[in-house]
Amino acid sequence: MHFLSSEFPQSSPEDALFHIIPMPMEQTVSYGAGTALGPQAILDASYQLEAYDGTSYPGELGIYTSEAIDCSGDDESCFSNLEVACRSAYQTGKIPVTLGGEHSLSIAPVRALHATRQDFGVIQIDAHADLRDTYEGNPNSHACVMRRIHELGIPIFQIGIRNLCKEEINYRKQHHIGFLDAEAIYQNGIPITILPEDFPRNLYLTFDIDAFDASLMPATGTPEPGGLFWWQALDICRNIAQNRHIVGLDIVELAPKQELHSCSYTAAKLTYALMGISSAPPESAPLQLIEKRFVK
Amino acid sequence: MHFLSSEFPQSSPEDALFHIIPMPMEQTVSYGAGTALGPQAILDASYQLEAYDGTSYPGELGIYTSEAIDCSGDDESCFSNLEVACRSAYQTGKIPVTLGGEHSLSIAPVRALHATRQDFGVIQIDAHADLRDTYEGNPNSHACVMRRIHELGIPIFQIGIRNLCKEEINYRKQHHIGFLDAEAIYQNGIPITILPEDFPRNLYLTFDIDAFDASLMPATGTPEPGGLFWWQALDICRNIAQNRHIVGLDIVELAPKQELHSCSYTAAKLTYALMGISSAPPESAPLQLIEKRFVK
Amino acid sequence: MHFLSSEFPQSSPEDALFHIIPMPMEQTVSYGAGTALGPQAILDASYQLEAYDGTSYPGELGIYTSEAIDCSGDDESCFSNLEVACRSAYQTGKIPVTLGGEHSLSIAPVRALHATRQDFGVIQIDAHADLRDTYEGNPNSHACVMRRIHELGIPIFQIGIRNLCKEEINYRKQHHIGFLDAEAIYQNGIPITILPEDFPRNLYLTFDIDAFDASLMPATGTPEPGGLFWWQALDICRNIAQNRHIVGLDIVELAPKQELHSCSYTAAKLTYALMGISSAPPESAPLQLIEKRFVK
Amino acid sequence: MHFLSSEFPQSSPEDALFHIIPMPMEQTVSYGAGTALGPQAILDASYQLEAYDGTSYPGELGIYTSEAIDCSGDDESCFSNLEVACRSAYQTGKIPVTLGGEHSLSIAPVRALHATRQDFGVIQIDAHADLRDTYEGNPNSHACVMRRIHELGIPIFQIGIRNLCKEEINYRKQHHIGFLDAEAIYQNGIPITILPEDFPRNLYLTFDIDAFDASLMPATGTPEPGGLFWWQALDICRNIAQNRHIVGLDIVELAPKQELHSCSYTAAKLTYALMGISSAPPESAPLQLIEKRFVK
Amino acid sequence: MHFLSSEFPQSSPEDALFHIIPMPMEQTVSYGAGTALGPQAILDASYQLEAYDGTSYPGELGIYTSEAIDCSGDDESCFSNLEVACRSAYQTGKIPVTLGGEHSLSIAPVRALHATRQDFGVIQIDAHADLRDTYEGNPNSHACVMRRIHELGIPIFQIGIRNLCKEEINYRKQHHIGFLDAEAIYQNGIPITILPEDFPRNLYLTFDIDAFDASLMPATGTPEPGGLFWWQALDICRNIAQNRHIVGLDIVELAPKQELHSCSYTAAKLTYALMGISSAPPESAPLQLIEKRFVK
Amino acid sequence: MHFLSSEFPQSSPEDALFHIIPMPMEQTVSYGAGTALGPQAILDASYQLEAYDGTSYPGELGIYTSEAIDCSGDDESCFSNLEVACRSAYQTGKIPVTLGGEHSLSIAPVRALHATRQDFGVIQIDAHADLRDTYEGNPNSHACVMRRIHELGIPIFQIGIRNLCKEEINYRKQHHIGFLDAEAIYQNGIPITILPEDFPRNLYLTFDIDAFDASLMPATGTPEPGGLFWWQALDICRNIAQNRHIVGLDIVELAPKQELHSCSYTAAKLTYALMGISSAPPESAPLQLIEKRFVK
């Protein structure tokens, strides 16, 4: 089933602004963790969405859902398969929207974008910093993905973090990595402008759905309490998209559960909302609302 | 089991202010969706409630739980069975409290109230506008129920909506339907007075439990993130009940799940709280709190 | 939804051989046990059945599904409501098919049949003997229902039992109650003729679904391993129906579970198969097969 | 993850006897049924298998797991994508092993095999006959797939059926379709030779996992009691493979569930066992055991 | 597995500031309620925690996890076993951290602390007042535990309550018990100083996890909507710990569920965070943040 | 809660023939596998058992349930804690009944028995041979436990196996280990005498509950289809106990699941049945039944 098939026919890759790319990658060999089932669950749930996302009709710009990336090989071959798909999207001015799968996969669309020699930064919305050098001996682990990205020389900014280790705290400090952690959002609300003025104009957005509060998103590997609620997440994404362009994005770490179809649906709705934000003209954000919010 | 049987004996219909009416209607013939199991799950969970709802003791005014409405026939015969039960409640000055079942059922208590020639309006608390003309070819669908009600010439007001389609947006505009959508509540809080001054004094309240945030109420057909939390919902209901009378109400769309007894319990607790708000003297609302709230 | 609504329209009570009577009785006040949800789950699942039950088309004889019996009062008032419904069925030559609900409910259809002054016996298919005098202080408990029936002077026969207490063993011996226990079925197979020659020609059949093996029917209050599998259950029911008439029946103790729709479906399929056996001409049983079976 | 990656590296397509082809096709647009998640769940569970299947080491003949077939288009485009993959397998003498997904998909590997102009028959192991002309208006429904195959002029044989409708009974009779239904297996055991002497020497095997008893395989769309247990299923497959060649196969209709990882594992183990049977030299079956079995 | 075994080795009792004491007590004999499984589930989930709790590294002060308390006897013998373990902790200046199990168990660590003749008060964070004299005939019920504690002459303070009965309201008034109920927190936020100036300097903290909102913590016996979210809970605990010492604590009433590992993890994370707050120097709280919060 | 507390009071260790020893050991550090929750789930479920096990009243010989063994240390310290408890039971002529927990724990009761210098053999009922030298680098893994036992020079016999690897097949052959594998039981039934004449008269019985068919026991780490059903398991255990004494036993690998309370109950019922078989006078077995069975 292609994304939002209840509302829009499958576009050709050429006619679609959005290339939905299912990436059922799950490194951990333990039995039954479940992120490999995430992309399909998002596609299934997208059937229940409306064409209208509350602000605009992003589907009218065309959606093409590719077949699932081959994840049967080793890490590097998985990444490389995804990289090919993303490169082809970037080269034709499309927005690749990768559905995970484990967070480790983000290295691939980022590498593909890096190869275009565009200037860009990566926004990570996540409960975890993912800045370790290795994790359980694996440098390709989901817990290391932002480290790998940062090592490519790409600026990163972290939002929603509420679980990190000493190594990650040190790396952050040493490398002056920008962040807006979850407790600060609780204590002070969302600032008028999240990103520093000199952060690149082009953004790649990686949204680890464990950024959501554990109450809203229990269907993930390591749910963390104290996270984002729905409107906060949208506010944050609109905020970073002010005067900037989101040129690629991924939604990762959904591990669907039987009684929690609400989680699969929420991931699908988030995907569509991010597509809307990515394609909105920069001036469309309701500025006066943002001001009010801050006063609160 | 009758409602709140742990605290109050079953009253006779004559001695009870509240007539609880189980309505296990589920149109969609797909296997296992589950709203038909909603009424029984609310009755079961009500056993865990206290007589005190946090403000008053509504059960002291008498609760009569009727047997379940016969939902074995076609839509119209289901509606008509419920209409009979509600009419009998209205005629003796009782408050019918229908437990759903699909949202489509609300047409029946509304028709019964309409037949009394009283002036009244309908408050809908829901994630969805339910204003379509038909849905999957069915004009009696839960997605059309507010359209059907509005077509009877009854004023309606919508609260908590966060998913609607173009047809519904247009219908709203064309017919000047009042609303307080979910994002506005997030951005601006609850206004001092929700309802317009000229909205009727008598209210029928239909509460689709998907109005709650998907984190609090995953046990429903189409849970939506970005919805109401508990105290917000109570605040809203107390707010609309200021200087007005709730003369009938329904709680619909619970689809109970095994591991989520919290949802069945929350629906039962909501039912009892709405009974308390419906029977409270108008002056009982803690006004100074409401003011404080708005300042926030 | 009425029983098997995908294949047959709702008949009028007069035109239907079968009166399906939902009886959502659940005495135990503990939170969430779930037999009260059984009848609705069977009705929902019946939508998936075929008109053909593998042998005949019982639905062609007419099915009328009544609304659910009012179970909001005390035990005796529940029983009495069901008794009225069954009496009306018997008086017009119909077969009442009660869907439970707790096993305790069987006293009602038996009392109604007893009131007709017909000679009949009761066949109980169950994992438990249900022959206690009282259970947790309650003589109306599901664990006492066969004792209550036997005390009315009605002959009973028990099949599939594999859990009983000393009191029940003694009662069985003292009153020469016939039985075919589960271990005997495992060790020796099903005998050519289960019932003693002098057992009454008219039968009331009560099928507690925990008679099935715990692997096939985990969705019940006290699942027991070592029970019946599907074809064994059908064989047994056809066997007792040889040269006898099943004039009323119930299927009790389903406590539906989210991931186990197989159990609700199996209960629905059993209900329909028992309707087929009840309405088959006595000679229809495939005799030669039964012989073969025994040789095995 | 590729099939059985804990024991064998991914082979190249050229070096692998088995081509595992994930086919996450799910036509029914209803929300959350789940067969689309089947292929991934089988691949995940295969990690727990041993290289030894109890009889042989089929993995030593090479396993290649392709990426998932693109199922985002309409029925015909899904089929056609799978057909291409199977044709390429057949042309190089490989055995395509398609993992479903809905049963409707079987038309594709059968068409691809038909195109080779080989003489072959199709063995269907299933609870349902799948012989309808259309189902809910759709001739490509899973309930019609064997009809579509038979209409191509290919001989079919059905095993394990226990739910069919009048139309299907008639079609069977009219077209002299061979079968060994579930009740016959219960009553008489497995015959020494299941297939008629003149059935083709080459077989395509389609195994709908609802052929298993509902106790063993509740994780499917329409589980049916009275089905096959594990060793019976293997016995049957070894029996049909006597003196014949299985040249292609599929395992369909797994709808994985959270608490029932046993079902995903059983489907994976079945897949591997069928690979073993398909690649065993015809004489390898333990003949004397089969004889003993029949005596029983 | 000992608490947080992924980060710290098991300390000896002498070297550990924290004595984790699993207490799988579950009085209610009903089948399958599940709090007896709580302690083990917290220990299992603690494996996923980091050494850093967001503020400090409490594990560096040493953690000793004792074996589970013997709960096979009657209530009093269970309490007495736990009392012994706690007394031994207090006597050596350690902080006992009891993992429940039912709330009734709190009487034991409180009694043990009382026996030290220290002056202290008890902070209860809970959805329920637990102030009944008896419940279902049992004075040791979880619904009576705070009454039993208060009757020992120990000052108590209640936070987060949103469900109580008339008897409890009266007891509160009569005995001038301090409280900060859940609705007040919603309406007014958290006050700068929660505890009255004259409340004892030493605190025993009992945290019934149903104090959390039902959305965040459905895995408990009686989840209640309208409760605390994560950061609110931490704010409250830091607030009460200002200028005071937490000398013992318990986390009770987790009833783990299969699909809700988020709840077990949240309980483990709370346990560790409370250990951090208990061992922080009083001046460590971020005062300026607290002020900001109140302005909000 | 102690074992079977609904029927028997806790005995003192001295007065009890059976010492129930909960052993919540779970080596694998992966999150949420669940065997650590097994012992408590068995104790909880035992509340539903009857005093009569279908043959005798084993509880009348006294049951003492000890507190859970401390499993917070490394493997060896866990084993050693259990060994102490078992030694104390053996020394006073009691039967230790250990509830697991992972299968690896069986080494401890066996070592304790070995230390008594009694002559005995070990019967393993399991789906897996557990004869590897190491597994994932760990010689104490559950997959190695029978190898470790056999290396002590203790005779072993394996029943129900249906999943093993080449290394295990070779070890079996080399060391002439006796077995009765699952497929042989399916094909030929249970032999009149399972154990070789020269197998020791004293037996230690270790029952891995994955020996049961996956349909009956999905709540375990690696459920395998093709296993034992209830009466087969009892038959086998009675068979081996003919003319021999079971002097100690364990039931391991239950990983309880929310919707599958049937599995916890089945494990509890098995425990009690094995206690009955262990304490029955050797002549009590129904010999004529066993003969009949074989004829079948």
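A few points about this structure:
A, B, C, D, E and F are the chain letters, set down in written order, and residue numbers restart from 1 in every chain.
As a convention for this text, a residue touches a chain if its C-beta (ideal position, glycine included) is under 8 Å from a C-beta of that chain, and two chains touch if they have at least 3 such contacts.
Chain-to-protein mapping (UniProt): A, B, C, D, E, F = Agmatinase.
If you're wondering where the values come from, they're calculated on a predicted model, not measured in any experiment.
With contact taken as defined at the outset, chain C (Agmatinase) and chain E (Agmatinase) are each touched by A, B, D, F.
In summary, the interface at B-C recurs among the listed pairs D-E, B-F or A-D; the equivalent pair, sharing over half of its contacts by residue number, is A-D. Compared on C-beta pairs in contact, A-D and D-F come out with A-D as the pair having more. Taking each chain's centre as the mean of its CA atoms, C is the chain most distant from chain A (Agmatinase).
One inter-chain figure worth recording: chain A (Agmatinase) and chain C (Agmatinase) are separated by 54 Å, centre to centre, where each centre is the mean of the chain's CA atoms.
For the pair chain C (Agmatinase) and chain D (Agmatinase), the distance between mean C-alpha positions equals 37 Å. Rounded to whole angstrom, the centroid-to-centroid distance between chain B (Agmatinase) and chain D (Agmatinase), based on C-alpha atoms, equals 48 Å. Those residues of chain A (Agmatinase) in touch with two or more other chains are numbered 48, 213, 215-216, 257-261, 296. Residues of chain C (Agmatinase) that touch chain D (Agmatinase) in their complex: 48, 50-52, 54, 213, 215-216, 229-231, 234, 259-263, 265-266, 269, 289, 292-293, 296. Across the complex, chain D (Agmatinase) is touched by residues 1-3, 5-6, 10, 22, 24, 26, 29, 31-32, 34, 36-37, 40-41, 43-45, 47-48, 65-73, 81, 256-259, 261, 264 of chain A (Agmatinase). Interface of chain E (Agmatinase) with chain D (Agmatinase) (complex): residues 258-259. Every residue of chain D (Agmatinase) that touches chain C (Agmatinase) in the complex is listed here, in rising order: 162-166, 169, 183, 186-188, 213-216, 218-219, 222-226, 257-260, 296.
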